[in-house]
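There are two complexes below, and they share chain A, which is joined by chain B in the first and by chain C in the second.
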Partner chain A sequence: MLAFQILIDGFAISALYALGAMGFTLIFGVSGVLNLSHGAIMVAAAVAAWAAASVLNTDSYTGALIGIFVALIMSFATYFVVVQPIQKSRRIPNEEKEIFVLTGTLLWGIMIQELIAYFFTNNAKTVLPIIEGVVNIMGVRTPQNEIFTAVVCCVVIGLLWLLVNRTRTGKVVLAASMNPRGVTLLGHELNNVYIVVWAIYGVLAGLAGVLLGMFLGVSSYSVGPLTASAFSIVVLGGLGSVSGSLIAAIVVGYLETLTAYLINPAYRTIPALLLLVVVMYIRPQGLLGRR
Partner chain B sequence: MGSFFTSRLFVISLIVVVVAATLPWYVSGYVLGLLTVAYYFGVFAMSWDLLFGFAGEVNFGPTFLIGVGAYTAGIVNAQFGLSPYICIVLGAAAAVIAGFVLALPALRVRGPYFGLTTLVAVLILQSFIVVFADLTGGEIGLTIPDVITIDSHANYWIALGFMTISAAILYGLAQSPVGLVLQASGQDAVQAGALGFNIVKHKLAAFVVSAFFSGLSGALLVFYFGTASVGTVVDIAVGVNVIVAAVLGGRRTVLGAALGAIFLIVAGEFLRPTGELATFIVSAVALLVVLFFPGGFLGAALSREARQ
Partner chain C sequence: MSFKTSLCGSASLIALAGAIALGLSAGPARAADPIKIGVIAEAQAIAGASIPQAAQLAADEINAKGGVDGRKIEIVTYDNHSSSADSVRAFQRAVNEDKVNAVITSYISEVVLALEPWAARLKTVMVTPGAASNEITKAVHKDYDKNKYTFHGYLTSASLALSVCDAAKDLLVDGKHMKTAVIMSEDAAWTKPLDVGYQECLPKIGLKVLDHIRFSPDTTDFTPIFNKIEASKPDVIITGISHVGVQPTVQWKNQQVPIPMFGISSQATNETFGKDTNNASEGVLYQGVSGPGLAITPKSLPFADAFKKKFGNYPSYAGYTSYDEVYYLADAIKRAGSTDSDKMVAALEKTDWEGTIGRVQFYGKDNQFTHGLKYGKGLITGAMLQWQDGKQVPVWPKEVAKGELKFPSFIKLTSK
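On to the complex of A and B.
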């Protein structure tokens, strides 16, 4: 009974974590950007979906779409307002661009967070589930929406895999992550590749945010922890490795669920962090990372 | 060194410190309290700048070092009732040890991985504070029985003196041959190593110095507040403020970091009437500085002077 409960809840959490971290690692892999406004964009999507349903009275599908759309806009804004100007700036030496992008996106994330808090208060918001009802799986009462969440995450991750490995655009993105100069020599505009990646990122982060809003609920306080969890999953898996983050998401998701059910919900995040430190000491590039 | 004492920077700094020292006679106690905190914050930012601006290592967890110093001092005082001065020394020592333990493995990895290790260190410290709530006071915070003094003037002068001495030591270190080696290893570790300098040893030393001042400042701060809590000395948001202060003031300037910290705290206070938008405005201004004046306040001023 408890074992099944852990199995089911852990899977849903893992799938959600994987979806959230996927876009994050994709951007790092292709353009070397660690986007610290990640959590803010996810929360913005969830809050937009919530606002659409409760203020504009749309149904939950439209609400979810609005949430994803908002995340897409935010993603482009992050790229064009913060990341691109820093990357193109001549006053910032190349070896310091990384820290400037980190600082810039961090500040940007705080700005988004504060605006959300200002307009929608700090209260936790739960997005209305798309599918209502509860089913009984092997003696465990599971909300149908939890199953829906897990399915959507898996399907989207599958689609992403197809997009990257089977389509022309995807192959260019993949090539750009391996050798940007080679891609430009083949006649592809690197800027367009980045725009595609940020678009994919926006949709993924938006979807993850909206689903998280249905599953656990979000508030402007979730911004930091969300960024941190995406960060640790991506590091655990290896920066820039999509399959690595997938494995790491499952490890972290189950570790957290196990701790919460078997030991104490308050210690939820600790084992994952300790694991992260151990991995950093033994294998700093992460499970599947490249040096 | 002789030329330094007649340089413009020295004269300006001296005037600023002297003027700051006279403030208690004509500003309100409220402003003094604000500046006292800002000065300790300035030391956090300067220690961070030594590591980032010179050693080229991004420490995302300045609050790990600050928090270890602050909580060690607080716990020793609360549990054993030792005098605050001994507690502060112990706090600084604990921060140095923690910095050493963190830096040894962390410096083996490069770039973002180093930053991540330090970030994770903060998260773990935060979790342990919550887990060992009996000892640390958990999320509510630790109440510290003793204070150094309750006189706001004395507290202000202690903070100002501490910041001035720290600034002099850190600035001197940054300008010394050791600082130059650090700067070289930050910019091109391979070449600096090829010149025969032990990069790891220098960076380790920088980390330990940074840890010492962070821990000392953290310990002093808790004895000023009378409490230690996650929200004031450990939270990632505090670390972010330290980093923003250093970048705002101008990286690789040490003194700029202190200016940035004071600006950040005072600006936050001036914006209090705008209510919840205050943090938004401070972040927006910081972002604009990062985008358009990447050298920071002091960096922009120095480069203008250099051009003339």
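On to the complex of A and C.
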């Protein structure tokens, strides 16, 4: 019974982590940007979905769509307001641009967090679940929405794989992550590739935020921990490696769930962070990293 | 006289006239100097946001009636971002630069405990409308001469535990024949004495404590916790939560945990709790000193309505106490005839004020909770409320109850 419980809960959490980290790693892989406003964008999506449902009284599907739309807008805002001006600036030396982007997105994330706290307070909000009720899976009373979350995550990850590996746009994105110069030589505008990637990122982060809001609930306090968890999953999997992040998400998700059930819920995040430290020592490029 | 010199001359004349005017106006202004009350609170948290608002409302009411011996009350507010460090800086600024006469601060025990030494150092009266830790008043008892400037305007954790047990005896043990309980509380300064209180009083009223779970306030996934609780098959979960509230409640409902929750749940006292949880709050029982529709004293409802009219929502629990605090601070200043801190302390100790949450009196020097609110019948007993159909309904004590216990269908009351 406990084993099944861990299996089911761990799967749902892992799928959600994977979805959250996927966009984050994609952006790094393609444009070398570590977007530290990631958590803020996820929370903004969840809070927007909550606000749509409880203030504007929309149904849960419309609320979720509004949440994803808000994340898409925020994603473009992050790119055009914060990242692009830094990358194009002539006054910032090239070798320092990464640090500037890191700082810029971090501050941007804090601004979003403070705005959310100002307008919606720092108390937690939960997004109206799309499916209510529970089902019994092998003696484990599982909320149907948890299954829904896991299924949506898996489907979206599958779609992303198809997009990257089977479509023309996806192949250009993949190529850009391997050799940006080569892509421009083939006549593709790198700027357009970035816009596509930030669009994909916005949808992924928004979806992850809304699903997280349904599953566990979020508050403005979640911004830091969400960015940190995406960051550690991506570093564990290998910066920029999508399949590495997927494996890392499953490892972290199950490690946390096992700790919470078998040791103590209070120590939930500790073993995963210790693992991260160990991996940093033994294999600094991460599980599937190229560099 | 050339044009230039005449200009200079007139300029200096104006300056001189200005200086005289300033000098004259400074004189009479001093006699009617406002009484300044600093309010340091968590503007971004629902519980904290009501603190400065309620204080302002009380000040406006007192000022409309002529103030205190002709002196107006001025509220100076500071947002502490729920941080102890920010609170200490705000406190120093309030006292040293803005020259406040007293400070009302915070619903977070950690913040009040950080400020207590500063109230002593800067010899400034400080009252908290919402923190609960026993340590606040114990420090006053231990070193009275130093810490006497601190007053605890909300129930201590020990009293809160008593209030929950008194309600549980009538509602759960006598009413529903319950026999067992699990304590579930967040790891924070205020729950340590609360849990001690629970463990002492629950067995006395006939509820055997099967397990005691403390979890980190950062917890987001409560599945393992509910799972563990369910495994020990208690009749009720006795809660001690404040930093968390929305998340455990939503997951309790989503996972259909069949055990009722009963106890302290600060976020449930907020009127917005129903919306924040998408009505997962249905059936949640929480202890409160106040609430919409809860007529503890003749002052409770008029205050709640006036607050809602002015700010658009009902006050949080700390709003009620903050409102009372401005009134009894004003009353103490009037009786002391001065804003001298030591005289105010002496006057506050003699406080006997009917506020919105009951009759306010403070424990004396000899009690271990010096300057804590007196708990008991005829003073402050608190109440038990339940979320029913999206509303907060008082269910205990009998005198103020407006409904019977009602639970959502997934709750299975084990012993009837």
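Just so it is clear, the second predicted complex is superposed on the first by the 291 of 291 C-alpha atoms of A that agree within 3 Å, B and C clash if a C-alpha of one lies under 4 Å from a C-alpha of the other, contacts with A are read in each partner's own complex, and residues count from 1 in each chain.
Just so we're on the same page, contacts are C-beta pairs under 8 Å (C-beta built on N, C-alpha and C of every residue); 3 or more make two chains touch, one makes a residue touch a chain.
Bear in mind the structure is a predicted one, so any value in this text is a computation, not a measurement.
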*Where does A:182 make contact in the superposed view: on chain B (first), on chain C (second), on both, or on neither?*
neither
_Partner chain(s) touched by A:280 [first = chain B, second = chain C, both, neither]_ = first
*After superposition on the shared chain, which partner residues are touched by A:102: those of chain B (first), chain C (second), both, or neither?*
first
_Contacts for A:216 in the overlay, against chain B (first) and chain C (second): which applies, first, second, both or neither?_
second
*Which superposed partner A:145 touches (first chain B, second chain C, both, neither)*: second
*Applying the touch criterion given at the start, work out whether A:158 contacts chain B, chain C, both or neither, answering first, second, both or neither.*
neither
*Tell me which partner A:266 touches in the superposition: chain B (first), chain C (second), both or neither.*
both
*Kindly classify A:118 by the partners it touches after superposition: chain B alone (first), chain C alone (second), both, or neither?*
both
*Residue by residue on chain A, keep only those touching chain B in one complex and chain C in the other, then list them.*
117-118, 266
_Taking the touch rule as given, give the residues of chain A at its contact with chain C in the complex, in rising order._
5, 9, 13, 50, 53-54, 117-118, 121-129, 132, 134, 141, 143, 145-146, 216-217, 219-220, 222, 225, 257, 260-261, 265-266, 268
*Can you list the residues on chain B that touch chain A in the complex?*
52, 56, 58, 105, 108-109, 111-113, 115-117, 119-121, 123-124, 127-128, 130-131, 187, 236-237, 240, 243-244, 247, 251, 276-277, 279-280, 283-284, 286-287, 290-291, 294-295
*Along chain A, where are the residues that touch chain B in the complex?*
34, 82, 85-86, 89, 91-92, 95-96, 98-100, 102-104, 106-108, 110-111, 114-115, 117-118, 224, 228, 231-232, 235, 239, 266-267, 269-270, 273-274, 276-277, 280-281, 284-285
*Residue ranges of chain C in contact with chain A within the complex*: 44-46, 49, 82, 187, 214-216, 218-225, 227, 244-247, 250-251, 254-256, 267, 270, 272, 275-278, 280
